[in-house]
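Shared between the two complexes below is chain A, which has chain B as its partner in the first and chain C in the second.
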Partner chain A sequence: MTVNNRSQRMFHWTILALLTLGAVIAMAPMLYMVATAFKPAAYVPEFPPKFIPDNPTLENFRTAFNSRNFDTALFNSAKVAVSTALLVTTLSSMMAYAFARFEFPGKTLLFYTILAMMMVPTMMLIIPQFILASKLELINSHTGLVLVYTAGGLAFNMFLLRGFFESLPYELEEAALIDGANQFVIFWRIMLPLARPALSTVGVFSFLGAWDEYIWALTVLTDPAKRTLPIAIQNFRGTRATDWGLVFAASLTAVVPTVLLFVFFQRYFVQGITTGAVKK
Partner chain B sequence: MKAKLLVLVLIAALALPAFAHAQDDVVTVEFWHTYNEVSPENEMLVNTLIPMFEAEHPNIKVESVPFPYGEFRQTILTALAGGEGPDLARLDIIWSPEFASLGVLLPLEDVMPDYADYADAVFAGPLSTNVYEGQHYGLPLDTNTRVFMYNSTVYEQAGIAEPPATIDDLVAQCDAVTALGEDYYIFSDGGTYGWAVLPWIWSFGGSLTDGAMTTSTGYVNGEETVAAYEFLKDMIDSGCFSPSFLGGGMDSGTGYFTNLFASIMDGPWMFPIAEAQYPDFTIQTALLPAGVGGSISVVGGENIALFVDSETEAALEFLRFTQSDEYQLKMSEVGQLTVKPALLESDYFQNHSYYGTFLQQLKTARARLPHPAWSQIEEVLTDAGQLILRGEASAQEALDMAAEEIDGLLAEYE
Partner chain C sequence: MRAKLHYRWYTPYLFLLPGLALYVLWMIYPLGYEFYISFFDWKIMPGQTSEFIGWANYQRVLDDKNFWLALENTVRYTAVTVIGQMVIGLGLAVMVHRVFIAKRLFRGIYYLPVVTSWVVVSFLFQFIFSAHRGGLVNYTLIDVLHMLDEPVNWIGETNTAWIIIYSLGIWKGMGWTMVIFLAALQGIPPELYESAAIDGAGEIGQFRFITLPMIRRTTLFILVALVIGGFQVFISVYLITGGGPLHRTEVVLSYMYDRSFDRLWFGYGAAISYILAAIVVLVSFGQLRLFGQSDDADY
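Right after this comes the complex of A and B.
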């Protein structure tokens, strides 16, 4: 018994040590970014790397926010990312529910056609998409950006949510039908609340996707006042010399909202709401 | 009372279209570039030069649009495919021939009657980077080159009195530096791309192609070019040059500023970096050590080009403004070396603390191949360099293969 206990404890500590090591390795670049953001001038990498700056300063953050378009870009990104997250969540959940529960002609074909679209690489689509956007007058417009991000996010998120809806018990819907609810009420009042963990995953990931997206935004937004955060950060880089302190301060500013979002939505990620909802 | 009101309304009705008309007369010119958003160059452009131009040309508005350098080429090409390109852009000199070959730039001889006056006023080297099939598709905007930068602390420790005048001198100084310790090197650079290896190839008397850019066989795999690569390999193998040529080890700038690397090869932007990050460090410059081909560096810099479907007349006005003494001097103050030889006689350049070496080096410096396929040719060259320096192929073998590939690329444009 004692031997068993001891070996179990040994195992426990070894696992803990390995996990800590893994976490430190994974965190190091992030910590270096934080450290560099507070360094006064960081054009060439120092040797040895310092994780605690000698003369910490907020100067980089000041420079970033005093620059021409950084705060506008922050606002633009928030606007675009929130709109995209709302649209993707709403539309993909409706699509997913239809694919999970309804029968209609061509359903399988349509479903796989939508999924097949995910296999086309984004870079290949950039020029045709740009020409289309230009004809629809969606260049230099946030509406255009949100439309493209939403369209791009629907396939995967619909696939994710369909799986979730399929895992929910039919009996709940049958019970609601007996009580006189129509399909919309069932979807809106019963299925959506149950799908909250999956919906928050979809919401957070579509938010992050739109918040981080770079190439398309760079291509279609040529009005500096309309540009989003990733472009503003890249514009702090120079052709020959880059002050990494400034770039990392700007990146850190961009990371903070996403971390907050995760912390806030984490409780929804917890599964198991349907446990015991139906008596078998 | 009523009559008065009527008169007012009438005046307003007459004045409004006039206002609207005045608004219509203002032409907006989009100028795309890659100045870092918070750089002094960008501040100078946006806060001083554009307002100066707009005050002189009340009917032209210049919109400055910064882009990140890495994606600039691709972004412009995509925008042009959708008919949403800029009026004017500041292009890296290595991109000009490619853009011209795609038919997106306007040949200045055709649209600018006074083009010859402007072309005569700039350095011939940078101007040549605008040529495609005999016509000029832009004017040089700024120029730069790489010079030899040495570290006086390392020199003192190693007992070296003077920077090397020749490549042989550099080799002779190596042992004194490597004797200082394991992390010490006589010279360091960041890779095998054209910007890094071309000065060695040219100084060894080699080249990439014939003058007309029709063949590389006998040039890129010629005796002199092979010798240049063999030299680089020997120096790295013997521990004289740092392994950063292979993409590993310490960054060249870091080693130089922290007194480990005796010398590097770099451009004028290193001075503001030193001032900000290593204020106690003084960069010492000299001409590149000469080989049998001379002391030949590589020309960098940017051109300004006019795009098809642009507001041509207004854009041309701004283009002319960028070639004025005023514009060129102001930009030189923030590290953008002028392209006008006449300005070198000005007090500003005569008294400048470090432009002197750069201007002297520029006299013999050469441009990277002004060819539409340069980006692909450079890839071939970079890969061949890695094969050689890593000892995976002999210099002759790797360069023979490169010559074959480069000939193929050149043939596509004939």
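Right after this comes the complex of A and C.
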């Protein structure tokens, strides 16, 4: 768009000003969290609030890492999130390929069942899932977390990848078939490498989902050594006097990896969340 | 002409099997199992027998004043935050679409809360809505904007506690709405605006007669998705007010969780879950029916 006259230039500067103001308001809570994480003994908010601490300290981070299995929680979350991301990516891409390329009895029924299930609130299933986890001895187990997170993420990611596979031409597969490759070789050697951008989207989304998941972890993890980050942060919050500096130092430790992922993969994020929403 | 690949009859099932096995075990089976549980006075201790009580759990839920209040709170939360996210999200999208520098930066900043954990932002909002004069919100309203004289005890009263929860819901979700609206705006052919400008349509006319109709499908998608999300509000309520005082700020899922995992009334919780799911499914279809009209609603 060319800025060609005075009133149009005004219009554009107004937009820029409004967006900047909005961005400042939107960012303020985050920046205040960062500032508080570096303040010593922040039991009550200081008056006036300061976005740049007077005496910034790393004390809160030191305390966090020295106490209550916080480093264990960090490791647990990383382990659970990476496993979930790998499992969701593998299984949902296989399912997506089946739906995109094959015809088989029951396909339509299965497809619409999974689609309809996406309307069901995830948390609604927590009671039967809890009973099932108890029966399978998956309480206090990271395997239990990974299985439930994976099952919960399959549908959305399967639809996302199916759309991607459907957009690929058939020629490559046909050529490979003539060369004698079977479907699994084609899937592994041809389709997956082509789908790398879409797979990254799925992987990043699944990682973040598992990294931040709270409700299921809250329900099935009672062993302090098994805790994941959201539960560890909640424990710093405590019930009575809260050292907010400590809470936010722990929070920041959990949030920074997600922000980095977001910054590096911004393109994939946009792709992932707009697929299906906007008709191309 | 769509090409056909040759494969053995069982090949598709081999691709589906591992994922589907997990999906059936942890999603489909629990859905059925929960329906079963909802007909019992469910005992979780080993050795105790659960008693079949028919529709009694459903009857008790429908007679429970706290459930109705939780439902009302949920509906109100959904209405407020869906409207807030859509209006602000669309406004931001329109502006980010038109801004001539730092487009990606703005998109990134507004999207940041979306990728931040619900637990973290729930505590963060509790902190900035602190009752102290130094709480960020109180300070801004009193000492910067001079709109108030006294600090507000936000968490202390039901109405003001809702303000914390509503503003968190809108702040956290508006970036998601913006990104989707932005993608839709970028899909509108610029020729449409050019010819409208030649015909003398101003900014507002163009927005009304080109932008809005062109993003109708996207708007419907966002509406349905946000309403489903709104009905599932849980973490912010659970961590900020805990549903209290005396269940005044309970939402359906926080009440379900309280009954199920605090009181251990699993049958009762299962009935609440089924009622909520039924409401969500009906409301979703209702919206598609009402606003989808002749569109092929194929998502």
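To be clear about the criterion, the second predicted complex is superposed on the first by the 228 of 280 C-alpha atoms of A that agree within 3 Å, B and C clash if a C-alpha of one lies under 4 Å from a C-alpha of the other, contacts with A are read in each partner's own complex, and residues count from 1 in each chain.
Going forward, a contact is a pair of C-beta atoms (placed from the backbone, for glycine too) under 8 Å apart; a residue touches a chain by one contact, two chains touch by 3 or more.
This one's a predicted model, so the numbers in the text were calculated from it and none came from an experiment.
A.B. asks: Does the superposition put A:183 against chain B (first), chain C (second), both, or neither?
C.D. replies: So A:183 only meets chain C here.
A.B. asks: Per the contact definition in the header, classify A:238: touching chain B only (first), chain C only (second), both, or neither.
C.D. replies: first
A.B. asks: According to the stated criteria, A:91 is in contact with first (chain B), second (chain C), both, or neither; which is it?
C.D. replies: In the superposition, A:91 contacts chain C only.
A.B. asks: Looking at A:139, would you say it contacts chain B, chain C, both, or neither? Reply first, second, both or neither.
C.D. replies: After superposing on A, A:139 lies in contact with chain B but is clear of chain C.
A.B. asks: Quick check on the superposed pair: does A:256 touch chain B, chain C, both, or neither? Answer first, second, both or neither.
C.D. replies: neither
A.B. asks: Of chain B and chain C, which one contacts the greater number of residues in chain A?
C.D. replies: C
A.B. asks: May I ask you to decide whether A:67 touches chain B, chain C, both, or neither, giving the answer as first, second, both or neither?
C.D. replies: first
A.B. asks: For A:19, using the defined touch cut-off, is the partner it touches chain B, chain C, both, or neither? Pick first, second, both or neither.
C.D. replies: Once the two structures are laid over each other on A, A:19 reaches chain C alone.
A.B. asks: Looking at the overlay, what does A:109 touch: chain B (first), chain C (second), both, or neither?
C.D. replies: After superposition on chain A, A:109 lies in contact with neither partner.
A.B. asks: Could you say whether A:52 touches chain B, chain C, both of them, or neither, answering first, second, both or neither?
C.D. replies: In the superposition, A:52 contacts neither chain B nor chain C.
A.B. asks: Quick check on my understanding: which residues of chain A belong to both its chain B contact set and its chain C contact set?
C.D. replies: Comparing the two interfaces on chain A, one with chain B and one with chain C, the shared residues are 44-47, 126-127, 130-131, 215, 219, 234, 237.
A.B. asks: Considering the complex alone, what residue numbers of chain C touch chain A?
C.D. replies: That would be residues 2-3, 5-7, 9, 11-16, 18-20, 22-23, 25-31, 33-34, 37, 44, 92, 95-96, 98-101, 104, 106-113, 115-121, 123-125, 127-128, 130, 132-136, 139, 143, 171, 174-176, 179-180, 183-184, 187, 203, 217-218, 221-222, 225, 228, 231-232, 234-235, 239, 253, 256-257, 260-261, 266, 269-270, 273-274, 276-277, 280-281, 284, 299 of chain C.
A.B. asks: Using the touch rule from the top, collect the residues of chain A that touch chain B in their complex.
C.D. replies: Contacts found on chain A: 40-47, 63-64, 67-69, 126-127, 130-131, 133-134, 139, 215, 218-219, 222-224, 231-232, 234-243, 246.
A.B. asks: Which residues, counting only chain A, touch chain C once they are in their complex?
C.D. replies: 1, 3, 11-12, 15-16, 18-19, 22-23, 26-30, 32-33, 36, 44-49, 90-92, 94-95, 97-98, 101-104, 107, 110, 113-114, 116-117, 119-132, 147-148, 150-152, 154-155, 158, 170, 173-174, 177, 183-184, 187, 208, 211-212, 214-215, 219, 229-230, 233-234, 237, 244, 247-248, 251, 254-255, 258-259, 261-263, 266, 269-270, 273-274, 276-280
A.B. asks: Hey, which residues of chain B end up touching chain A in the complex?
C.D. replies: 30, 32, 34, 36-39, 46, 64-71, 75, 78-79, 81-84, 86, 92, 250-251, 253-255, 257-258, 267, 269-270, 272-273, 276-277
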